[in-house]
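Structures are listed in the sections that come next.
In what follows, subunit A forms one complex with subunit B and a second complex with subunit C.
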Partner chain A sequence: MSPFYYKTAFETLQELRKSGERNPELVVTLGGKIIYEGYTGKLGDEVWSVYEQVFIAALDYRNDALAETCLERLEKKFPKSPRVKILTGMKLEAEDKLDEALELYDEILKNDDSNIATIKRRIAVFKAKGQDQRAIEALTHYLDAFYNDAETWLELSSLYLNYHLYQQAGFCLEELILLQPQNHLYHLKYAEILYTNDNITNINLALKEFCRVLELCEDHVRALYGVKLCTSRLLNLSSSSSIDFKTISDLNSLASERLSKVYSLYSKNKVGNSNNELRQIIHDWLNESDKSY
Partner chain B sequence: MTVIVSLGKFLGWIGFLTLFHSAYSTYEHLSYLKAVEKIPNEMPIEITVECLISIVIFAISIIMVAGPLKPILMKDEMTKKTIDKVDIRPNFNTFNHRCRSMRSLVN
Partner chain C sequence: MSHQVLSTLAESQSLYLDPAIRDWVLIPIMVVMVLVGVLRDQITVLLGGGASTKKATLKAIRESKVLMRGAALRNYGNHIPPSSFLNRKNYLTNAYKKGDYLKNPASMNQTVNPMTDPQGMEMMMEGMKKNIAMIIPQTVIMGWINFFFSGFVLIKLPFPLTLRFKSMLQRGVETPDMDVTWVSSLSWYFLNLFGLRSIFTLLLGEDNAADGMREMTAMSQMTASPTGQPQDFHKLHLAESENLELTPHSWELNDIEHRLLSRYGKREQQKVIDSPENFIENNEKNAIEATSSSSEHKGKNRRKSGKH
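What follows is the complex of A and B.
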């Protein structure tokens, strides 16, 4: 039997906790090994965060035994903690007992009005029940008080996008850009929402935002495609001479040039026929779109 | 890499010893002056030079021990992020996905 590199396991779990990404299979495999083969002693104080993380992953992966074990140990150590109550609530959510979970969260909120984690779980329960209207109301109520919570603005914008309310989703993205102006990905999302919400002012603004993404992150391929789409849409849409024709077609050719550069660099690093095909397709498309102007 | 680090640590110890030696020499010189009842307003140049040399040795040893520089610009960090990493909202995860039904099939 190969040795279990528990140190690497601890580090991997810590990385996953930091980034917050959802990878239940990996966490359950590592966590199960750590808990059932008794490596928890080597963790020290970190063990409680690991229990919480493995519990949530076990709920995701439907490994009920592992979830029970983690919850028991957490309850033994922290008997009256609201955080552990929230974990119990999550277990009820996973077992599809959504109303009971909602009651539990309301009880916690009665004692402590501004327990942020509970407010967020309530919103998740509304989402799970399909009551998106209530979820949106609760989100806006929460964001009135705590407007600098990037994750919640993202959640609200994704809920609006489910209902194609592009203007409201754009507003959420604007708030996000105010919070983290140097994050090029928020500009990218905003630009794509604007482009989908199709009218002349929005396409102009979307073009500016795509250029901003390129300014923040050089040669971002998705933004280069965005510039090409926006410029071709503007050149198609404007019947009058209300736009600066030269600038826009220059931007279009610049984007094509950067795209061909990026793809030729990319296929230089890899070998194989499929990449040559890809390069050929891209070249043909770029040439076609350049020819129309 | 670890050769440089251990050499740096060794130099650090030498620097510390040099500094300690110059400090102790100052103390001894001052007590000598007090014993001879001269006014302590002049320090022999060797002690000053030894103190300055210890600073230089410390500087070299710290540069050796510190290791490679890490990138500090936000721009470099952000270019590595993909849009999938931005859309993570762990506090709002729901559990009513298909894994709930599929696990019973696997188990």
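What follows is the complex of A and C.
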């Protein structure tokens, strides 16, 4: 058996903690070794965050014994810490005792109503219970104060989308664009929501947003498709006079051109039948949609 | 005459310091200062539990974050469609004016009196505790040094300095002729007071209360608003609402189709320069007019791009 290099293990765990990546299998293997083979003393003060990390990974990985060990040691060291209480709550959640977990979170929030981690866990419990309504309420309440939490806005928008509430979801995406105007993915998602929420103004808007994505990220395939779809729709809706036909048809042909270019480049790089097939399909689709008006 | 001065300088430079001064004055002052610093850190922990343990409530966070939200809307509002911008603007200005985001909407029009506001009182107490923990030991040490070691010369700096440093390095020793590199006991105390921060960081960690200087700088900033006086958020909110109302909106995406097409060479590049008169005019009008007039203005030079 190769010797266990605990220092590399420590470093790996630390890197995972920093990046926030969830890799339960690796963390449980390394953490289990560190904890069961008595390397914890070598960690110094870092040991507590390692315990926390291993605990969460163990829950993910359904390693209850390991989770129990971690939690016991943390509770012994920090009997009153809300952070440890949250971990207890997570354990309850993992055991499907959602109501008890909820009670615990409510209790923490009673003493400290700005504990972000607890607020988020509470929302997660609502989601797990299938009470999306309450989850949305809690999310909006939270975002009213912490407006600059991008991930939470995304979460809220996806909840709204589950209920086909496109306008509300669009609002969330607008907030995200305000937070990170240069992030093309937010523009893309916003455009897609607008396109899905089908009416003529929204499609005009969606077209603009798709164009913005292309401006921020060159030849973004999804945005090219978006431009293609929007322009086709607008060209078919020829009734309204304010639409500028020339620009739209130019955009339409531009999207076709870029798409076929992108796919031909793609199939050049990777030779294979499936790629050629794909290219053919795209080609046919583009031709067909061009014919339709 | 000049010869005499030179000779006295030379004599002072070969001044001989008793090693006992090093052992019984120089090192003790430093040790005492370090120990007092550590003690003060402990006392602060005992008195207030440290500043970091006190957490703001959700409402307090909300109250201050909404200001940042308004600023964000002002800065990046051009990236969202005009209607969305207007919605947000109207909502936020109304909320600011009505004081919806205040911690305590009822107290909107009263100026906050720190003596009656429990939180303000708490803050004041905290400040007082810190100040007392800082001032008492410093006065005691300074008195101690003045009483026992006034007029002592402790060390000689190994590098030459200009005369301007004399008042800094030889406090308490009023001799005009002595070379600047000699350091008096009182100055040694000040050097320690200002210079021990990194040692405290080493001993007590980043977030220690041992170092008096940080509080001193904090104090000098606080003179503008008396100790721990809570800010009047309603005034800040009103100011922000005014700022927001004056913010025009010119949508980034107004001519995006054109930009994109000319980027791929489908259109020739067109330059549109907003003349300064136009810009000012736009600013003066209210936001709705500003957005529509700017888009019209651009529309003259290009064409109206879609409708919104």
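Operating definition for what follows: the second predicted complex is superposed on the first by the 231 of 293 C-alpha atoms of A that agree within 3 Å, B and C clash if a C-alpha of one lies under 4 Å from a C-alpha of the other, contacts with A are read in each partner's own complex, and residues count from 1 in each chain.
Note that a residue touches a chain if its C-beta (ideal position, glycine included) is under 8 Å from a C-beta of that chain, and two chains touch if they have at least 3 such contacts.
Keep in mind the model is a prediction, meaning the values are calculated, not measured.
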{"item": "Superposition on subunit A - do subunit B and subunit C clash or fit", "value": "fit"}
{"item": "First, second, both or neither for A:208, with subunit B first and subunit C second", "value": "second"}
{"item": "Contacts of A:177 with subunit B and subunit C, given as first, second, both or neither", "value": "second"}
{"item": "Partner chain in contact with A:278 - subunit B first, subunit C second, else both or neither", "value": "neither"}
{"item": "Which of subunit B and subunit C A:247 touches, first, second, both or neither", "value": "second"}
{"item": "Touching partner for A:21 - first (subunit B), second (subunit C), both, neither", "value": "first"}
{"item": "First (subunit B), second (subunit C), both or neither touched by A:165", "value": "neither"}
{"item": "Cα-centre angle that subunit B and subunit C span when viewed from subunit A, reported as a multiple of 10 degrees", "value": "50"}
{"item": "First, second, both or neither for A:235, with subunit B first and subunit C second", "value": "neither"}
{"item": "Shortest span in Å between Cα atoms of subunit B and of subunit C, once chain A is used as the common reference", "value": "11"}
{"item": "For the subunit A and subunit B complex, residues of the former touching the latter", "value": "19-22, 24, 56, 59-63, 90, 93-94, 96, 117, 120-121, 123-124, 127-128, 151-152, 154-155, 158, 182-186, 188-189, 216-218, 222"}
{"item": "Residue ranges of subunit C touching subunit A (in the complex, touch as defined)", "value": "55-62, 65-66, 68-69, 72-73, 76-77, 79-81, 84, 252-253, 256-261, 263-264, 266-267, 303-308"}
{"item": "Complex contacts: residues of subunit B adjacent to subunit A", "value": "74-75, 78-79, 81, 83, 85-97, 99-100, 103-104"}
{"item": "Touching residues (chain side subunit A, partner subunit C) in the complex", "value": "112-114, 144-148, 171, 174, 177-179, 181, 201, 204-205, 207-209, 211-212, 214-215, 242-244, 247-248, 250-251, 254, 258"}
